[in-house]
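Think of it as A, B, C and D in the order they're written, each chain with its own count starting at 1.
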Amino acid sequence: MNPLSEEKVFKDPVHNYIHVQDSTIWRLINTTEFQRLRRIRQLGTSYLTFHGAEHSRFSHSLGVYEITRRIISQFERSGYPDWPKEERLLTLCAALLHDLGHGPFSHSIEEAFHMNHEDWTRRIVTGDTEVNDILSEIAPDFPDKVSAVIAKTYNKPIVVNLVSSPLDADRMDYLLRDAYYTGVNYGTIDIDRILRMLRPYQGRVVVKESGMHAVEDYLMSRYQMYWQVYFHPVTRSSEIILRQIFRRAKELYHDGYPFGFMVEPLPQLFEDKLDVQAYLKLDEALIQTAFLQWSYEDDRILSELCTRFMHRKLYKYVEMDSVDLEMIDEIRREFGQAGMNPEYDLEIDFPTDLPYDVFRPGDESSQKQILLLDRQEQLREISEVSDIVRSISGIHRGKYHLYYPEDKLEKAITDLSPSISRIFKL
Amino acid sequence: MNPLSEEKVFKDPVHNYIHVQDSTIWRLINTTEFQRLRRIRQLGTSYLTFHGAEHSRFSHSLGVYEITRRIISQFERSGYPDWPKEERLLTLCAALLHDLGHGPFSHSIEEAFHMNHEDWTRRIVTGDTEVNDILSEIAPDFPDKVSAVIAKTYNKPIVVNLVSSPLDADRMDYLLRDAYYTGVNYGTIDIDRILRMLRPYQGRVVVKESGMHAVEDYLMSRYQMYWQVYFHPVTRSSEIILRQIFRRAKELYHDGYPFGFMVEPLPQLFEDKLDVQAYLKLDEALIQTAFLQWSYEDDRILSELCTRFMHRKLYKYVEMDSVDLEMIDEIRREFGQAGMNPEYDLEIDFPTDLPYDVFRPGDESSQKQILLLDRQEQLREISEVSDIVRSISGIHRGKYHLYYPEDKLEKAITDLSPSISRIFKL
Amino acid sequence: MNPLSEEKVFKDPVHNYIHVQDSTIWRLINTTEFQRLRRIRQLGTSYLTFHGAEHSRFSHSLGVYEITRRIISQFERSGYPDWPKEERLLTLCAALLHDLGHGPFSHSIEEAFHMNHEDWTRRIVTGDTEVNDILSEIAPDFPDKVSAVIAKTYNKPIVVNLVSSPLDADRMDYLLRDAYYTGVNYGTIDIDRILRMLRPYQGRVVVKESGMHAVEDYLMSRYQMYWQVYFHPVTRSSEIILRQIFRRAKELYHDGYPFGFMVEPLPQLFEDKLDVQAYLKLDEALIQTAFLQWSYEDDRILSELCTRFMHRKLYKYVEMDSVDLEMIDEIRREFGQAGMNPEYDLEIDFPTDLPYDVFRPGDESSQKQILLLDRQEQLREISEVSDIVRSISGIHRGKYHLYYPEDKLEKAITDLSPSISRIFKL
Amino acid sequence: MNPLSEEKVFKDPVHNYIHVQDSTIWRLINTTEFQRLRRIRQLGTSYLTFHGAEHSRFSHSLGVYEITRRIISQFERSGYPDWPKEERLLTLCAALLHDLGHGPFSHSIEEAFHMNHEDWTRRIVTGDTEVNDILSEIAPDFPDKVSAVIAKTYNKPIVVNLVSSPLDADRMDYLLRDAYYTGVNYGTIDIDRILRMLRPYQGRVVVKESGMHAVEDYLMSRYQMYWQVYFHPVTRSSEIILRQIFRRAKELYHDGYPFGFMVEPLPQLFEDKLDVQAYLKLDEALIQTAFLQWSYEDDRILSELCTRFMHRKLYKYVEMDSVDLEMIDEIRREFGQAGMNPEYDLEIDFPTDLPYDVFRPGDESSQKQILLLDRQEQLREISEVSDIVRSISGIHRGKYHLYYPEDKLEKAITDLSPSISRIFKL
């Protein structure tokens, strides 16, 4: 560790102050690659549903670092023998950098181009970057260690636990932060209490049994945030349009369409040839600029989709308890006959999530459990002890949603069969 | 008024819910021009100092609308005879739209290109826009009325008062919102109490005398926010670089420099030929995209400035109690001799603000006063009554700051005279 | 309604302002009987566990009134035809006064003396009191109407619903208020959202279906508050001692014991002869004063119990999954043989609560259901729709607790059999 | 220090958790004397103005301890050489116990009976008490040391500074706590920032210059809380009645009046013969019980005053810019002639306070200054540097208030001369 001559702080609305004591952390924050996270929103298109949700992955990454720092400080202050003190800096670096590889509107772009932000994080950490230079100064294999923690393959599971597990610093920060910025107060968790209850124990981070209610509350908050915020149908609508834009632009690009606006590194993106340097030029400013320019393109499909996204003329939706493929085929067919575009004017969405993946016989993955430590130093999986967790852990929620452009459907509706038009209740 | 069939709400972290009851307001929010405000940050470059300050003018504009709506509701509920009920919709529209003309990094771009966001707001409101279409449906002269309120020339000063005065909805929302998003709690004001104390009285909005302490607190919050947030030297540093980029790019453009990246409407901006449609294409996504692309330009000055801004390698500064022009000339001269660029590598800044412009004999402008109404229905200017307001209203704060690129100065320092190099204490 | 010439407000930490517009409400608040609630803590002995929980039933009663007022205002503003406007004042009065009959440390005193605060509320409302005088001015039968609402027998169930139902103003205020004053943030509910979702419908208050998640969150908060605060074992310990004091004092009184301190209306309390005037003299100041004085009594049992309560030397406890009567008998027997007092030195406690009493076939009680109203105007009981509610509604929580004086047990422990002493793990 | 085997915490609404690590602190909290503070309200009669202000000196004392603990932890963590580490426990004990000697309705009872809570604190600390026993175990002279810190005579001023100075833990806690419980948000200060800025320096606690704005904000909060809460005229009215009750009861006692209710230690109080053991029996439960019982006394003056206080029938007031003694004499004379009681039915009040006692030439008292430490390690008094502090420090606020029983004055008004009756504007 290279301590700074004086602790530096960032003012943060969620954690009040973020404290930086190590020069390595300070320098990492000031790299080009980390500063880029200011131009990637934490919640992608959610700002179109919750206008306050304009916060960036930069803010979140600082928050994850800060929570990790507090946990480690407490472990050190309490002198727990099971905490490997020599892993402090590694854990902090991994916490700070774990989201470094996120792209613009990450969720949608990953789906559209079959990318994975974790892979990109590791490529940035181990590639020819400012971040890599700084990490390499600690030790030549230090970047690889950080990469291993992020890949969850590092040989000390307790370090991995702090950065990715059902009760990790990442999830704690995003619940608090997303609640704060959206204004949805379901995400408000008693983080001080949870932190107080964490213990390093036999190579794992576990929870004192008396913290069970705080963990129940945390899991309920996560559950509520999923349904109120993360899977909000209006957000899903904007993500669908986003993916359609990527799909259409890629099609056009491969067809040799003469784009009025095309700038680095979009060609590499469409050709699946992004290297680290090109990837780092991708940000949401670029995507939004491209979309605004493309809203003036001659290709009607692309320009309409871009107009929809930029000016928030999103698709409407209807909710269905179930869908069958025949019905979908029939809708597509009728849409086509009525002059709509069956490939773009209908999308089916089924959000799903389990608030907490419970222990299942055979699933011994230590990264997916929350273990309670009782007074007799016995470990038990929380869903064995908590009725609440057990009862919510099996709940499958969500309905099918059919998304469509309302304006176009309104014009086409008279050409649809009664059974199909009834679905859309216009 | 065209009431919506059911009230619509936006979830807002500052006001909890923003309530929309009128169809006109709802449709204005959904226009292309209003949605563009999502891509303009409320606090410009302040996010480089306070990472949480990533909120947009869209959020703020909804907030100003909501505060205005609450004030008017209270006026109506209390049945105050001095409130002209027929002005409700006009006031709400003006409140919602008052910031419509802000450009990207508004403060800096206005200075660099001698523009004025209020003029642009009025041009958008009265021009060929979606907003204008909606307003015109109310009455043919309704857009002009909205424009007049924003220009502070509307013939009912009470309407202007609500939208722009020392205690207007605009200032109340930004204090609360900027405090919330930066995490700096000095801006926390008791808005419910202030709203309760407002009265329409003889064509003005005045304050019941018993609300004096709440107003004192509000003015102190403003004072603190100015020094803690709005005039923060790191923010000023980023604004200086921003203006230098605009200056350099304009120079290059007029010199016929072959930009690698140049997209509509930047040429019109550099040629002072922006019309409303071109202006509306300007947003912070475009500016950031241009800057990132320009960081690879051959022109060293432009590429360096853009690199500084995008990756937050800002200028450092020294504070001075006073500066004299001779000294500045001397620094510039020595900088030039030492191989630095005197035109770009030194900037002098003197932030200034009066927390509240007090009544002065002769200055009868009703828009600049806060009037207290006592039990005998007498009006008095607050600085006559409040020792606090009187004592802070004359305070001139702030020091001169000299901004410079630390890395370049470090190399040049040995070539500077002792008296000059001493200033920069490297 | 007799409107006040100007609305009056109370500053409240939970609701910010409590607004009083009716002269009847204002005068009720200023009665002797209502002011007495300042001397009755909302959470009884919980302040011995959560030192911040020192708030009174006076504060809570104002809060219940305010929530009710907001619900009714919204009903009136929205012009819902199913809300009987003429019941406004009656509902507000019942909301304000519903806790008027609470005695000192209500929960314990009711158990010890077989009283019921609801009965006392009704006796005060209909008896010879200032409250009755004010209510009678509205109409001679108005006090009886208020009493009927509180007894849940009033002939318009919607009025009863607002004051007592699973989602009433009472529960909403106490969750928020108890969370605020204890500092336990599990009670933080989104009350604005819940209020927005309430609808008067066919003589009931129901919830719009889109408010289901907010109701789930509310029921989870209640569940958490029960286990974290209301049933906290330290609070139970203090309640046990309190009941023991009452029991001992009553025994002594009936035995003719010469109390050093005995003041009105304690004799009436011990003799079950309290009338309204005497009852109103009972408050927590009196109880605490009696207990402090009695801590100097000659009777060792009474003085020790009072010392314990006043100076917070509470009983310790052990948790047991189950208890059987034989074992309890055996403990009592051994305690007696070891010189302890089997009647006072052991108490068994089993806290229980259902977070939400679900609809059961045959249980048609409209006061115990939360009904959701969907877009087709169909009503469904929430536990039919919400997996969360269904899964928590059947949960029985809690363990048996054995309470005992640790100091005395420590001395006696060597005289106990191994099987008994093992239970107490000293 | 005797560390506890495991840290204990108290849940606190203001500081979230209060952490106890030392067994001495834990045992002090559990003493009879410290538990008594639960029965003394922090803000005396303010709950009659702000109903939420029902918090006790127990809560506040824990808060002062916690802030002190945080300051010391930070001093230790930063390794500042000027902090005398060996004084940790002494400072914590003094912080915890500094209010131990407060009596019921402290402000008023001290005025009525010429007592001083600081003296009582020292008598309890050094007398035959549980607190003294625990402190003596540390060292025989330890109670005297604690007493010296509280008397501000301890030979290390830095220890005294932390417990009593213009920026001490006491003031910081009460501003935050009183703001929280009253709901008046003017007291919200950025305590984390202030704590970060404190430095032990040459035997003093000073503030880093960059913390100046935080200190300005703190002083403004204090100023606002004084006028909004502490000197609220309704609170003053209740204090006046309280003092009148004490005055009347003492008169009656010395006249041999046969009280219906008289209990230990009231006789000792009236005879100025309280010893420590008797003093500790005084609490607000006793005072309220006495007052409620006395509201049934035959003495009309006493019973009326007690009725007023208990049922909040307070005196009304008129505000005057100035008063002269002649006028007061005249009012008294006319009141007497009109059948009122000139000794009880008129009280004159002039609240006064200086928000911050500035440095004055000759006043070198180190306990009254806030010193800023600049980068050149120079100390300057804050009012030299801050315009805000300088401008508010000389402000004398407040008007004269004349308090009177409105009901009695209404009956007497026709008998008063026009010039006198005009004052009361009935």
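Keep in mind that, in the parts below, a residue touches a chain if its C-beta (ideal position, glycine included) is under 8 Å from a C-beta of that chain, and two chains touch if they have at least 3 such contacts.
Just so it is clear, the structure is predicted and the values come from calculations on it, not from any experiment.
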| item | value |
| --- | --- |
| A-C compared against C-D, more contacting pairs | C-D |
| Most distant chain from subunit B, judged by the mean position of its C-alpha atoms | C |
| Centre-of-Cα separation between subunit D and subunit A, whole angstrom | 51 |
| Chain centre separation in whole Å, for subunit C relative to subunit A (CA means) | 43 |
| Computed distance of Cα centres, subunit D from subunit C, in Å | 32 |
| Multi-partner residues of subunit A (each touching 2 or more other chains) | 16 |
| Subunit A partner contacts - residues on subunit B that touch it in the complex | 10-14, 16, 30-32, 35, 38-39, 47, 50-52, 54-56, 58-59, 62, 180-184, 261, 263-264, 281, 283-286, 288-289, 292-293, 310-313 |
| Residue numbers on subunit C that touch subunit B, as the complex places them | 7, 9, 16-17, 78, 192, 196 |
| Residues of subunit D that touch subunit B when the two form their complex | 185-186, 188, 190, 213, 216-217, 220, 223-224, 227-228, 387-388, 391-392, 395, 397 |
